[in-house]
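Chains: A, B and C, in written order; residue numbering restarts at 1 for each.
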Amino acid sequence: MRLINIKPDRTWTFALAVLPFLALLVAYLMGSAMRLAENPNDKLLPGFGAMAEAVKHMALQPDPRSGIYLMWNDTLSSLSLLLTALAVSTLIALVVGILIGLLPLVGATFGPVVAVASMVPPLALLPILFIIMGLGDAAKIALIVIGTALKLVRDVALRVKDLPREQIIKAQTLGASTWQIGTRVVLPQMLPRLIDAVRLELGPAWLFLIAAEAIAADAGLGYRIFLVRRYLAMDVIIPYVIWITLLAFLMDLALRLLQQKAFPWFAGARAA
Amino acid sequence: MTAIVFDKVWKEYGDHVVLERIELSIAPRSFVALVGPSGCGKTTFLRMLLGEEKPTRGQILVGGVPLKAEPGADRGVVFQRYSVFPHLTVLQNVIIGREFEESPLLGKLFGFRRREAEAEARKLLDAVGLKGHEDKYPAALSGGMQQRLALAQALNRKPKILLLDEPFGALDPGIRADIHVLIRRIWNENDLTVVMVTHDLSEAFRLGTRVIAFERPRNRPEELERYGATLDDVSVAEALSKAGASVTRDFDVWPKKVAAALPNGAAGAGAQLDLKLAPANDSQAPG
Amino acid sequence: MNRSVSRFLTGAVAAAASLTLAFSPAHAAEKKDFKVAWSIYVGWMPWGYATDTGIVKKWADKYGITIEVKQFNDYVESINQYTAGAFDAVTLTNMDALSIPAAGGVDTTAVIVGDYSNGNDAIILKGKDKLEDIKGQTVNLVEFSVSHYLLARALESVKLAEKDVKVVNTSDADMASAYATPDVTAVATWKPIVSTILESPDAKLVYDSSSIPGEIIDLMAANTEVLKDNPKFGKALAGIWYDTMKALAEDKAAKEHMAKASGTDVAGFDDQLKTTKLFATPADAIAFTTGADIKAKSELVSTFLFDKALLGKDAKSAGAIGIEFPDKSVFGEKGNVKLRFDATYMQAAADGKL
């Protein structure tokens, strides 16, 4: 039988999916045990007990110096930056993207600028942003916005152009003005597509957030990781990485569910 | 009454002439079918009438007024695909025309006016055979039902001219026959001039009161670029004998089909379906 | 789950487990190949010079070993690599030696005490010239670094505490450009960043490490076990270091080389050297290392680290990690000595017994 025709049944599908996780876990546990046997204070591969202890300190007990719950404080700080930035990006993408995609005049004026600007590596702008906007939250939000909004704008503009010409003509024969076409025909059809695009930009958004927090911050998930890195506290870093991964995964899931619930027509339209 | 007049219309793309010196007038309430091979210019002709394309030379008059070079509410359209909005339910698809008309800012109606628009839309949906499907999204409808919806959507805005761009080309034959009955009834009951592009000659002769064939008289490669399709008027008998010849023809379909008189201009109200139409025009179709 | 599936999973997991051998730490034993990590800082530039001019090779050959010297652009990464076991020795400060490898259970010995900061680390205020003015300000610094320690000592000296200021962790690479932004009004950092910032007219130096001499010490430290099994390695390091010190004192080209490697010119390098108390001879270094002062200063550093919970979460006191001095006296827990000041190799250099 050809390899392309061998498909796992349900049990095997589950087993194959679990396998990499299990293998990673076992490899880690054994490596950790080996290093700890040699040096009980080893920081590189802490045991799960040490990590649980660290999480308890960070998440369940107030910090003795400041009285705040560090992990929740970090999470809140990072998420508020990330969500603010994504909200700004999304809004920019919708307005600018639809204008560029729908109006040839705007497209001709701003399309090339956006195309060029979206090629600028955002991280390279970070030093400039810090000088212009200071080291506070504004620069971090700006970095995430620059890093994600331009790509979202291009994506929305392309998808507006991908709408069948027939729909736009049809709307005009029904007497719609440009404004009405934008708000009643194009915008509602862009929303679910934008969710797809935002899901893809979640990864870059986290990357920019963590990079910005590493350089100057007093709270945040990325800040904590780069801070405790100074004394190789893997017992904090590893749970934080897992936590960030989980948050990103949950955000992705939430967006997917939102798309299903809020735009029930979209699955059918996409298949067509 | 809206007569359509093509006054020496040319359409060129750069050096490429698509339509050449089209001179034509279409009487109000006629049902014109445009036929011809791919690339003959019949779709360009329709697009110019739609306002999507502008003639290079000459002008198009509708009711004596030169046509604006953009689509408008006086000309409804149904395309082969993508004629309805996928993000709106069947009912919403129909009332959106009324919403565009009555709510310039929000494009949405509320309260009493909405209920009124919905009642009107439901009647139309009933007439095109979509009763009971009001809350479905188009993706859940079959191809035939989507085209019925597209017709209802276009008619709700009460256009004077209905343009059909191969509207039934993607449908199965059985469904196509049903929808032929529907489109003929619509034409018959409304103050409507219909212009339809089709590649199906039997459909053209069965539905049309007049069939216009587009063809390129000059077929040498070096000529193809420089000369467009033309029109010519001939009698039906001559046309039938010459159908498929290299000369472009304009047929009056026999026996004559005449739309029912409308009681005091109240479009559609109480008009009876006129089925005394040419029985077997298919057999006359060449090839 | 069916049998073949579970058998497959067991096998795959076992295979993964065998791969973990790669994670296991290096075992100390007599060996011939050694790796040393260093990073750009005025007190450590000699290591780059010694590598480039063959001094390292000369001493390695003499003891029949090889020494690979690797320069890191990221100081913390070099210490982390050493702590993880990838390197046998590293250049670091006494404070970082305590908080990173020692707190991580890696027994570390200071083979060479090279210098202490005598003004190299500084606190700068924008437009204010008294340290007291720092109260209520936001201070940008690399948290948990010697700058943070300097800030703690500075605040103590004017009866303030860390709660009187707000600390914002800021990468050293961005410190100079951070100072250029309007909302940054106070920074604690080190040279050459200090020199760059002081070029702007509103920058006022209000406190520097010359007020706390001998507390921020720059070391070449090696893994204690590796050193015990391979005394040759320690001797080679001492030989390399003092040969290079001699070159720096006598050969103008040596200083030029180091200046260039640290991205400045001789004048700029001299400016950094001026605020660095470099022990040019082994005798100077031994005098400092065996003196009584170093014990008291080590206690100050340990106390700071304990306050910041950097000695490990289980640490019960500033003495949780024992520090052994050349006279074998210990500060803190005798059962948990992880940092040792050892004058043996410097003494051998002083005695000409290398």
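The rule we apply is simple: contacts are C-beta pairs under 8 Å (C-beta built on N, C-alpha and C of every residue); 3 or more make two chains touch, one makes a residue touch a chain.
Here the structure is a predicted model, which means the values were calculated and not measured.
S.K.: Mapping chain-to-chain touches, which pattern fits: line, ring, star, complete or other?
M.R.: Graph shape here is a line: each chain touches the next, no loop.
S.K.: Please flag the chain sitting at the greatest distance from subunit A, going by CA centroids.
M.R.: Between subunit A and every other chain, the largest centroid distance is to B.
S.K.: At what distance in angstrom does the C-alpha mean of subunit B lie from that of subunit A?
M.R.: 48
S.K.: Could you put a whole-Å number on the gap between the CA centroids of subunit B and subunit C?
M.R.: 84
S.K.: Report the inter-centroid distance (CA atoms only) between subunit A and subunit C in whole Å.
M.R.: 37
S.K.: Within their complex, state which residues of subunit C touch subunit A.
M.R.: Counting only subunit C, the residues touching subunit A are 1-2, 5-6, 8-9, 12-13, 15-17, 19-21, 23-25, 76, 79-80, 83-85, 99-100, 103-106, 140, 142-145, 166-171, 173-174, 177-178, 180-184, 309-310, 312-313, 338.
S.K.: Enumerate the contact residues on subunit A facing subunit C in the complex.
M.R.: Residues of subunit A touching subunit C: 11-12, 14-15, 18-19, 22-24, 26-28, 30-31, 34-35, 38-45, 53-54, 57, 64, 127, 130-131, 133-136, 214-218, 223, 226-227, 229-232.
S.K.: Would you pull the subunit A residues touching subunit B in the complex into a rising list?
M.R.: Going by the criterion above, the answer is residues 164-167, 169-177, 179-180, 183-185, 188-189, 263-269, 271-272.
S.K.: Mind listing the subunit B positions that touch subunit A in their complex?
M.R.: Touching subunit A from subunit B are residues 50-52, 70-73, 75-77, 79, 81-88, 96-97, 99-101, 104-108, 137-140, 150, 153-154, 157, 159.
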